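Right after this note come the structures.
You will see two complexes here that share subunit A, one where it goes with subunit B and one where it goes with subunit C.
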Partner chain A sequence: MKIYQTLVAAFSVAAVLSFAAGSAVAEPKDPDLTDPRVKRYIVGEKYSGYVVNEPETRDIQDDDFQNPAFLWVEQAQSLWSKADGKAGKSCESCHGNPEVSMKGSSASYPKIHKKKKTLLTVEHQINICREEYMKTKPWKWESDQMLGMSALVRMQSRDMPVNVNVGGEAKPYFEKGREFYFQRRGQLDLACTHCHVDNHGNKVRSEKLSQGMPTGFPTYRMKWQKLGSLHRRFRGCNKNIRAQPYKQGTPEYTALELYLMWRANGLPVESPSVRK
Partner chain B sequence: MAKKPRIKTPATAKQGEVFQVKTIVSHKMETGRRKDKKTGTNIPRNILNRMEVTYNDRSVFAAHMEPGISANPYVSFYIKATESGEIVFKWTEDSGAVITETRKITVK
Partner chain C sequence: MISGLFAALAAVAVVAAGSTASLAASKSKPPQKLVNYLVINEDSIPEYLSGRPGDPKQGRKLVISRKKGNCLACHKMPIPEKADHGGTGTDLTGVADRMTESQLRLRLVDPKRIIPDTMMPAFYKIQGLNRVLPKFKGKAILTAQEIEDIIAYIVTLKE
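After this line comes the complex of A and B, so read on.
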């Protein structure tokens, strides 16, 4: 009995100690939001992943030459005016100069396609153009051409605020996306919200959690050593919590993209961004 | 369709001016240490091991690169403008393949 009591006492002391130690080394919850450098990417309580980035990573994103994503963008610029498929058309035949025709367009994506009545991302729209108007094969979601083209299109909305519509016909998709966001999943039984709403600014292992704002995609991620799509990032997140990921471009991820974009409403588009 | 290297040099420079050259080249820089998930064998090393820059056939910059260099290597350096002519950039891959790009410069 005496041994038992000593043990209990020892444990409670240890518990108190570890709690005290835990609170003493706890890092501040939020990243440094007063840094003048990150001011552009903070709107109200929202901030983009740029804010939790290391300064060195920000340097790469800020210089359009150093940003390796522009290798893909330059490739897409030459693809823009290259005719492909049976119709003998290029992007340029319909849209002209991307800097004019695509300006601001992607800030409202994903959105409802007028004829198809479904929710579509920029990537879906590019492939619709390819299949229906150019009469050629669609690009694979994670191919260099697709990533470059979607970066080129999104880049034309750079620094413009995200403005997606979640009412009307988009409403059911939005609800589906929200449900996904709050749904616990995987072996770790976590929902998106547990990391990106409750714990942003805190660390998960060695990495600072962001709010999960999708404004910078497609993004050049150092870990990937290449440009990657938002849906690839979703797959990574899902795998990290040991859940079965969906495929890129599935309705689940498209609905989730809409929900995330709605969360980011007001933040500037920063594609193509650079992340760790 | 391959991605072209991106190179930034001024089109014109003053005599004796020191200018910055920025280069970034698209390459996987396969280290040789990664395993093919299906077969379990190492993916053979394939990196750009050498970068050479000549200014009117005179060597002005050279770099010996090792597998620690990341994919899509970015290299920046300075050159002194002496005469009008061509700056030739050359990257050599392990396989022997060569990527070459040329930029013209006018010195006043």
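After this line comes the complex of A and C, so read on.
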């Protein structure tokens, strides 16, 4: 009898505790849309994931000294001027100061490579420079070197509006990317649109959905404990609905990146961003 | 009278849920055999999928479980001990006042028959899916008994 009572008491305490703990983490406050820091990332109907971030996460992104992504950027800054490969060249040999030569360039990627006549991301272009011009090994897509270099290049376009071209030779890629975006996939049979178009602002479990904008990549994600590429995020969003993902850098994800960047046209580049 | 009966009969569709599943999935395991069921008036499934009623206690666990129903991902439900209820679907509090058990069953089994562009997954279906991860290929999200357990729980959601 005594044991029974103690058990019941213990149970109800536990129930109360878990409820209290639960409600403490719930209900992220709606962002203050008049806050100038938030306003920068809202353009017309479009807004970036920064807006649905917790205020603490926004603070970390806004301070380059706190933003952990800058550990990778610093590494890339020293790689920039280091000769590598048979041609004996560094990025600097051809591109000089990245703050000058790379200013604004990533805002129009992915784009059609003039000679290769195919759609390429910043990462693809960096590896063309390494393989063909420096005569050295390409970096793996998700390597620290590639993530850092991609962040260094992309941050030279920070605060500049995305401006990709989807006409001309880019058109078939754009159509492919759009088709991907609207296509249901996986055991849960969902398309990107179900979450990022129809339901942004609503929550899935405790996560508030954004419009799934690509403007902050590579991004430092707390969950990853490191910097990660946009294509890694695509893989995550595919796997969450039990769909088979593609590899980073594939034509499928490159076309999808173009479609997403087109959706983001006008929003400022915010690489390297910080996310939950 | 006779024509009324005829119309009612015409509205009955037998769904051979598993039979034509793609054999392309056979690299891993053969697709799961799903039980056939009757759909009445494109609106409801009157019979237990598993031939017997479910267990509401088990059903309540399944709607919470992220690996199973995960209904809380999209729905608010009267489950106060969990804080993380999503908001992309309807609030299911009182849903049994709005829908019958048979209607709820079709809602779970194959909601796209009612709302083609719905976000809600079909929980008992393996056909017509695209690029399913090999681990889940040829398998429905829930078993027939799990569907019945969840039905047994959600029919209690009255206000």
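Just a few scattered comments:
Assume the second predicted complex is superposed on the first by the 239 of 276 C-alpha atoms of A that agree within 3 Å, B and C clash if a C-alpha of one lies under 4 Å from a C-alpha of the other, contacts with A are read in each partner's own complex, and residues count from 1 in each chain.
Convention: a residue touches a chain if its C-beta (ideal position, glycine included) is under 8 Å from a C-beta of that chain, and two chains touch if they have at least 3 such contacts.
Here the structure is a predicted model, which is why all the values come from computation and not from measurement.
Legend: residue contacts after superposition of the two complexes on their common chain; A:S206 is shown touching subunit C, with no touch to subunit B.
When both complexes are overlaid on chain A, the residue A:D144 reaches subunit B alone and has no touch with subunit C.
Shared-chain residue A:P68: touches subunit B; no touch with subunit C. Once the two structures are superposed, subunit B and subunit C can be ranked by residues of subunit A touched, with C on top. Contacts of A:L190 after superposition: subunit C is touched, whereas subunit B is not reached. By the touch criterion stated above, A:K103 is placed in contact with neither subunit B nor subunit C. In the superposition on chain A, A:K89 contacts neither subunit B nor subunit C.
When both complexes are overlaid on chain A, the residue A:L79 reaches subunit B alone and has no touch with subunit C.
Once both structures are placed on chain A, no subunit A residue is touched by subunit B and, in the other complex, by subunit C. Within the complex, the subunit A residues that touch subunit C are 15, 18-19, 22-23, 25-26, 183-190, 194-195, 198-199, 202-206, 209, 238-239, 242-244.
Per the touch definition, subunit B reaches subunit A in the complex via residues 1, 3-4, 6, 8, 22, 24, 26, 28-29, 70-72, 74.
Only residues 66, 72-74, 80-88, 112, 119, 121-122, 129-136, 139, 141 of subunit C touch subunit A when the two sit together in their complex.
For subunit A in complex with subunit B, the touching residues are 65-66, 68, 70-72, 74-75, 78-79, 144-145, 222, 225-226.
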